[in-house]
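One chain, subunit A, appears in both complexes that follow, with subunit B as partner in the first and subunit C in the second.
Coming up: the complex of A and B.
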């Protein structure tokens, strides 16, 4: 009996475990290995260079600059998405009629691909000539067309990058918040009303937000990790056949050009990836500790 | 570690295959067990109609081996770079190179012997970057070049002469700009990407010298790049157009009076604008400069991991050295390229008149090709600096000092590897 259970365990888990090992762990360890070699145009290098790739990467102004870019991006996108999706959830939760409709409408963008959305943002909404949507609207007020993605002073490209991600992911986090909201016991609100708490800010501050603590922590964690992994919209908005501009270049985009593309410096790229993975791990663990993830927030 | 090196290698190759075939492509190699040699040949996707059918026709006409043509859309350079790491890549492939790292890494075969007796007939400017230490690693297929297109009527209306110097270009672009039309289009990034080393050559400098040193450690470099900043700061550049510099649409739609684009755009421009356009090289800097145009060529290369290297070499020789009729058809029949063979370029009737003749003259007299020693790492450092100079108004001297430092280090690296 026990043997049969073990057999079925492996029948069901085996393929996933094998896939995970083959497509995630082996490349991951391989990449760590590569980071200690001079691996130009090869995945089986022989020239061991120790920590040279790591020092070169940490001294590379473009890489450290890309980390700063990421920090800036996170500082924008995390609070803005958090606030917007929470606001949407609160509003949708209040709606008495057609709640399912609003829920779907706001969630719908999450089904759109980053690449497609980025192209729509780049080519039609925020293109730099006078017939782009944003510039047409500006034109009504007599303003000159703005080259949204090509101007660094002021850095309008951030507007494009942040809004596309906001549009894409706010709906998804709204659903998470909605689930959290619906788990709050209505008795709490009734009790608060009896005790004289005015509906609105007081109730939000003292009942809703504390009750949403577990959801909020999870949302913030997911948002930060997603921001770290940002690649699609940056690449599709700003790259061209000749490469990528030196601004708004997050770490993954920079590593992509170093390791893949014509660069093919797989050792240096792997070192950068390992550094990035360590940073993500440290930040996530630190954040989880600080926000006490996993402990019940509902006492 | 208990995993042996061999298992790891095997697993790695397996992953590589997974990645390549995961893109929904078969490698075109076939089983290989049946009689006769099978070769896989890769091309990047050319935009001009008929090119794919043409290259398949050439391949089908070859009798000594069965050649399967793979037409590969998307990021071709990345695809070939990844495929060359595995055994499932192409035998013969065209490449915008090969790059120095590919040559030094032994990923491409030495093809010097294929050019015995005809080497002099290949355009030397584009053959040079495919040559390393006297050996040729790619056979140039066709020559491409870029130049400045200008709209005659718009210049006339604004009372502007076609610019002959860099200062005149800046002035002309500013005068031609108004609320509806911009003076000049150098790509949506303001020119950092497409111009690359061109302004340096226009200032009488070069990217890398003959003896492998940095070729732009000179005050003239900062002066030339500063002019590009003037164009941007003077709001004379078209930015954020729906199509980029390689596509003539912005020029044809009248969004800009002048545009930097490729020779490939010429047929379309001619068709839509008739006589109302002219072409120019990138104008030289006043004192020590000269006009200049970038030239380049896709080359046919043989993968060092091919199982039929000899057959692949023979095929390349047949198609890109012996069959001049196919070479001519490929260069002139579909898009618009200059044949890589001087003898073919001379007798091509299509290239003898009008703007096409000008283009050929620019390519011959003012053409420069990106040197082989100009590696992607150098390119990134330079392009980042150029972008900062143009868009952020960064100081050209200090930016260039940083680039010179990085490029010197990179040149040292590639010299040590050899």
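Coming up: the complex of A and C.
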């Protein structure tokens, strides 16, 4: 009986587990292996170089620069998206008329790909020439057109990069916050009203936000992990026929050009991937611990 | 006094919401406006809200342009998205059910092995996975685009959580009727678990249609381009034909908007689940 159960367990779980092992664990281990070899254009290298790839990677200004780019990007995108999606949720939750309409409109961009959004931003809204929408609006006020994506002083490209992601993601996180808001027990608000708390800031500060704690933790975690994996909008906004500019290279863009660009330095790329995988695992676990995920009473 | 204040607040909220909604819709409007404009209207320094003429011929021009394999890329994307969705649902739901319901000594270890991969997102492992897939000879094939993405730990996790909360009575009744695990699963569990299939399915479909990095890495040959890779290659090309670009972008999100609006209820359910893990 027990044997039969074990057999059935593997009938159900086996195909999935095998595939996951093959396409996640095997590449990971292989890549750890490759990272100790000089592997230009080959996946079965013979030239063992020890930790050279790692030291080369950590000494490479471009790699550490990409980590700084990620930190800067996170510093912009996480608070801004958090604030906007929370504000949208609070407003949509309270609105009486056309609630479904507003929810759909804010959520709709989530159906768009980063490629399409980047295309609209690059070719239309923030087009550096005069007919770009942003420059047209600036023109009404008599300001000269700005080359949004190629100006590095001041770094206007951050405005473009951050707003793309903000537009795409705000509605997604709004949905999470709306779900959180709907789980708050109305009795709490009634009790607050009895105690004489006026609806508004006090109630928000002492009831709504504390009750949204679990949702907020999840949102911050997802925002940081997603920012770490940013690739699509950077690549599509900034690269052109001449290649990718030397600034604003987040980790995955850097990795893409190192491992798969000219030279295909898979050893170096693997070392980079291992370092990034470690960072993201540490960040995820650390953040979850720090924010005490799971003790907050949500499912 | 307080009443007036509340009313002003309410009106203010409505105004803010309407303004934000319009801002959120601008990109969609630009997509349609530019997609149906002539090149001259798009680049004209005199910006107009409506183009001087609507050129539906742009659609035809896009599909007739031999330098751009757009129809092929749409077909590829559709095949990949459908196959990925069906495959993921099948594999992840079976695994989720097994983990939730079939007692087995090492079930916990297996579960943590699956859960652990969530710590290492696919985007970070794309280099090693590319190494593996290229040594299998799967570069520029549909296989290479689909198979490695079929094993979603996230989907498996959602299914497991759902099946843990599934009422046992139904399955017990099935066991009394002499059905084994396999037939119980297909005849009793699946028909009663449609909401979770719909929720996970729509999320996976959207993700597969919109994914970019993996198709970019694997789709090195034009014939294996997905619609996202095709769009990206136009955007980053030397000569950009704006009206074609915008109508192509419009064509690429049209199927999604339909899916999105028809299945919004399920997508919302899926998103809510995704935030809780």
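By definition in this document, the second predicted complex is superposed on the first by the 284 of 299 C-alpha atoms of A that agree within 3 Å, B and C clash if a C-alpha of one lies under 4 Å from a C-alpha of the other, contacts with A are read in each partner's own complex, and residues count from 1 in each chain.
Going forward, a contact is a pair of C-beta atoms (placed from the backbone, for glycine too) under 8 Å apart; a residue touches a chain by one contact, two chains touch by 3 or more.
Note that the structure is a prediction, hence the values are computed from the model and not measured.
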First, second, both or neither for A:210, with subunit B first and subunit C second: neither
First, second, both or neither for A:147, with subunit B first and subunit C second: first
Touching partner for A:26 - first (subunit B), second (subunit C), both, neither: both
Partner chain in contact with A:136 - subunit B first, subunit C second, else both or neither: second
Touching partner for A:62 - first (subunit B), second (subunit C), both, neither: first
Touched partner set for A:246, first subunit B, second subunit C, both or neither: first
Greater subunit A contact set [subunit C / subunit B]: C
Touching both subunit C and subunit B, counted on subunit A across the two superposed complexes: 22-23, 26-27, 30, 43, 123, 129-130, 240-241, 260
Of subunit A, residues touching subunit B in the complex: 22-23, 26-27, 30, 40-44, 62, 123, 126-130, 132, 144-153, 240-243, 245-247, 257, 260-265
Subunit A residues within the subunit C interface of the complex: 5-6, 8-13, 15-17, 19-20, 22-28, 30-31, 34, 43, 88, 91-92, 94-95, 101-102, 104-125, 129-131, 133, 136, 167, 171-172, 175-176, 179, 198-200, 215, 218-219, 222, 225, 229, 231-232, 235-236, 239-241, 252, 255-256, 259-260, 266, 269-270, 272-273, 276-277, 280-281, 284-285, 298-299
Complex interface listing, subunit C residues touching subunit A: 2, 6, 9, 13-14, 16-17, 20-21, 24-28, 30-31, 34, 42-45, 47, 91-92, 94-95, 97-99, 102-105, 107, 110, 113-114, 117, 119-132, 134-135, 147-148, 150-151, 153, 156, 161, 180-182, 185, 206, 209-213, 216-217, 228, 231-232, 235-238, 240, 242, 245-246, 249, 252-253, 256-257, 259-261, 264, 268, 271-272, 275-276
Parts of subunit B lying in touch with subunit A, wherever the complex brings them together: 8-9, 11-12, 14-16, 18, 75, 77-78, 81-82, 84-85, 97, 99, 101-102, 104-105, 107, 179-180, 187-190, 192-194, 196, 238-242, 244, 246, 255, 376-377, 379-380, 383-384, 387-388, 391-392, 417
